[in-house]
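All chains are identified by letter, namely A, B, C, D, E and F, in their written order; residue positions are counted from 1 within each chain.
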Amino acid sequence: MECLIIDKKMNYDGSQISSLWAYNLADIQEDSIIAFRGGCDVKIEHMIDLEDKKQGDMIFSTDMVHFIIEHFDSTDLKLVYARQRLFTAIVKEILSEYRNDIIRQGDDLFVDDKKLTVSIASTSAVSQKIHFGINVIHDFYGSFEDLGLGNNDVAGVMEKIAKRYYNEFTDIEKDLRKSRPLDVI
Amino acid sequence: MECLIIDKKMNYDGSQISSLWAYNLADIQEDSIIAFRGGCDVKIEHMIDLEDKKQGDMIFSTDMVHFIIEHFDSTDLKLVYARQRLFTAIVKEILSEYRNDIIRQGDDLFVDDKKLTVSIASTSAVSQKIHFGINVIHDFYGSFEDLGLGNNDVAGVMEKIAKRYYNEFTDIEKDLRKSRPLDVI
Amino acid sequence: MECLIIDKKMNYDGSQISSLWAYNLADIQEDSIIAFRGGCDVKIEHMIDLEDKKQGDMIFSTDMVHFIIEHFDSTDLKLVYARQRLFTAIVKEILSEYRNDIIRQGDDLFVDDKKLTVSIASTSAVSQKIHFGINVIHDFYGSFEDLGLGNNDVAGVMEKIAKRYYNEFTDIEKDLRKSRPLDVI
Amino acid sequence: MECLIIDKKMNYDGSQISSLWAYNLADIQEDSIIAFRGGCDVKIEHMIDLEDKKQGDMIFSTDMVHFIIEHFDSTDLKLVYARQRLFTAIVKEILSEYRNDIIRQGDDLFVDDKKLTVSIASTSAVSQKIHFGINVIHDFYGSFEDLGLGNNDVAGVMEKIAKRYYNEFTDIEKDLRKSRPLDVI
Amino acid sequence: MECLIIDKKMNYDGSQISSLWAYNLADIQEDSIIAFRGGCDVKIEHMIDLEDKKQGDMIFSTDMVHFIIEHFDSTDLKLVYARQRLFTAIVKEILSEYRNDIIRQGDDLFVDDKKLTVSIASTSAVSQKIHFGINVIHDFYGSFEDLGLGNNDVAGVMEKIAKRYYNEFTDIEKDLRKSRPLDVI
Amino acid sequence: MECLIIDKKMNYDGSQISSLWAYNLADIQEDSIIAFRGGCDVKIEHMIDLEDKKQGDMIFSTDMVHFIIEHFDSTDLKLVYARQRLFTAIVKEILSEYRNDIIRQGDDLFVDDKKLTVSIASTSAVSQKIHFGINVIHDFYGSFEDLGLGNNDVAGVMEKIAKRYYNEFTDIEKDLRKSRPLDVI
């Protein structure tokens, strides 16, 4: 697995959730997690979650940190959703170092009853992908500001989250290579 | 999915990790999470983790809460390991209400540098299973005592954890039934 | 699994075979079987069966009962085809209560050498789907009329078929959760 | 797929459900359905269905026709159970030519409220298997006798059932090779 | 599996890599390998390999032999890539009868440091496909000419390769139906 | 993937084909290819190929090079067999540098009409494994001697083969992460 932190700002417009975006962007030919900072403005044709689409929800933020995860080991929807929830729990673990009253509900994090994050997961015929975004600042929703995190902290937290998922994945791959199959009653 | 809390004490000896234990115990014919309280003494022939087996590790505790999870939707090792890590994160989230300095490393939880939990996951040809145990009291390892949890709190926490996983699983199953497949670049 | 019977008339134009139609229609976030009555006029761009497409076959009927089944547990073509054949056999079992000389050939039913039904099954990257339609009346093909079923019987038969599949599926899910893996010679 | 009808009598003792029995018996290196006639006496260690095992059920009959199906295309429990139900429906279709009031409940057939058949399905790490047995004569349970089928009819019906499943499977394999993937809403 | 050798010339423009092309062309409803001779001019919208697409590579040749392989047994990317490499090795084995210094690097063959072949593999939601082309003549790249193969040899070599893959596949399917599952330490 | 060359001699008795042998031997927690030199004497209870078992075949040699491959990415029989054939082709490619008239038939290599190799592949519930052995010397079967390879060449060839498979696997994993899904006709 490759972990890439992009220094320059980039907006998330929904096209980054497409399979093979990592290869197109940076010739990455491994499973990957890519982190970057920038606005978020998802066009309707890139909306993966039909609930958002039906409700005509805008997914809009001027400043977020984004994580794009891609796995090629299967195209099993259940696996990508379990990974998305695990990633959400990891983000919560890291952000809880800054405020310990963050609430996780499924793939959403909340602070002061305000939604802090957006996320989606799905598959194509060739890969699984996850997008996860956290507001850096926001007038209405929760953001890093609410956690007491300033502009200078963003890059550090972003990298910490990406590396923690990278390490978790690597560790899982090792663990499953030392377990015997189960007996059966 | 079925969530079963067993009232009477039962020891975990490693046989409960076998596939179809839930059916044998309680005629359960759904995916399930079963929680109970009792000692832990895993016989060498039931050890699933070869690392423990090689090291001749004893897995022994006089008083634990145990969770046994079984899924029949696939026999994919990667899926059961992702679910095991997610479960571990859920346990941490709940225990963090009692002490907010619990550390998660993969499928282990630590408090005051003491290991609080044991866990294993694997598959047979018919199902995936996870065992997760938390010490209630322990002379050497971490335990509920270190979290300030007394004997009367055990049943409540045990039930809360089991129900949280049940809810998470139910929620995931719903979420994956409203997501479009990905575009491809 | 959810079983939905739609009261008002709706035409089948081929778009209903798309993945996630059930969510779009009725916010259904489970596997589902949906039954409704209406005409059938499949546009060429919605034709899934290339044989029909090559032959320029019109799939047209003014009055049918339709069943739309969606499963999210895998995207295995072999599984959706086995389920389609099982569904066809279920329909035959129920219609045989009205005339006992109905013939099943694969996914087609015949009465008096006239084709009574149309069906197709396929997968996308996120779900498996089956469409199955039975003529209520038809000038040329077989229909409920040939079985002695009148306008007032239609709703009852439609519901009976949908519920029978629902029960069969539920029963299978239970049965597979009590079977040991096989020995090997 | 290979369809083998064995002329000489053979008893079913539960060992025939093991994977690779067909290869061991007759060097068959294809998916297969094998039919034979003989008694049925399943030893407890060969019981696959834990419900039978728990209830200490004897599975005993002096004269049955047996069908043993093996597929190597996947080890998906859901697929082998869908195939088992489809096979049961096929048997009912053929036996209904002799009496039209046979009832199917899941993988069981009944006549005059008497159980006519036994069946089990499961997987190993290398194949899926189904056993299906129908009583030829029986003092207590339903049998071919109740359908008006005499000793001379047995071989013919046995062969007809085996060939019908062979044809159904062959036909499915063809059908799934002409269907486009689904659109998505 | 079906092995079809097409006598008349046909160009490869990239559309032949689409799933179900074999059915559309020749009503083939089995897994298949189809061989034909003709030019190669892949339009950018049919390029499957993003590396070619990014580099604006032309895939152009006036005279090639082409092999189109389609399997419906799963949509596993890893399986189709293992098969593509095995096919490449088979081609090398046959061409090595003409010159024994052909080099294989992954899915490419080289002679005199000149690339002799093009290949791509991928999946849709319904099938796996492989395209493999070998230059018959070429001004710049390697070709049959470099192997000492003349115009009259082309049809024979083309047929030999297609049949060898057909036989290899058939042989594998048999071998996997006589192997016991593994023990575990 | 890890590539391990063992310096000291070790016999192959069939137990090495068990899943997790690599972890037990050397704490390897990756997919792996392990090469070593030693005798071969497979006990009947470790025979995976039922053909050998039925024929009471001895698999015996006093001096071989052995390769043990383990993959954890799926338990698909078709994938491990495709990989076994690809590995056989790789071995042939390397040995052909010493004699260019080696014949491959499926998973066997022959020289002067004498069998040079033994191989088996299978799966457990947790991994896929391949064993491949080549005679170094043999009175009756083909061996390195027939290729003009002496005692001093053995280690070098053994390492070359193991590394070539390692490189092929690594290269495949990269290639499949840059291919778009297929269009469909």
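Please note the rule applied: contacts are C-beta pairs under 8 Å (C-beta built on N, C-alpha and C of every residue); 3 or more make two chains touch, one makes a residue touch a chain.
Note that the structure is a prediction, hence the values are computed from the model and not measured.
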Number of steps on the shortest touching-chain route linking chain D and chain F: 1
Joint neighbours of chain F and chain C, given as chain labels: A, B, D, E
Classification of the chain A:chain E interface as same or different, half of numbers criterion: different
Chain pair showing more contacts of the two, A-F and A-B: A-B
Degree value of the rotation bringing chain C onto chain E, based on Cα positions, nearest 5: 120
Chain whose mean Cα position lies farthest from chain B: E
Chain pair repeating B-F, as identified from D-F, A-F or A-B when over half of the contact pairs by residue number coincide: D-F
For chain D paired with chain E, centre-to-centre distance based on mean C-alpha positions, whole Å: 40
Separation of mean Cα positions, chain F and chain E [Å, integer]: 25
Overlap residues in chain D, where contacts from two or more other chains coincide: 19-20, 23-24, 50, 72-77, 122-127, 175-176, 178-182, 184-185
Complex contacts: residues of chain E adjacent to chain C: 20, 23-24, 72, 74-75, 125-126, 180-181
Sites on chain A touched by chain C in the complex: 50, 54, 75-77, 122-125, 184-185
Chain B contact footprint on chain A (complex, rising order): 15, 17-21, 23-24, 46-51, 73-74, 76-79, 81-83, 85-86, 89-90, 92-93, 96, 100, 104, 106-107, 120-127, 129, 168, 171-172, 175-176, 178-185
Of chain E, residues touching chain D in the complex: 19-20, 23, 28-31, 72-74, 124-127, 173-182
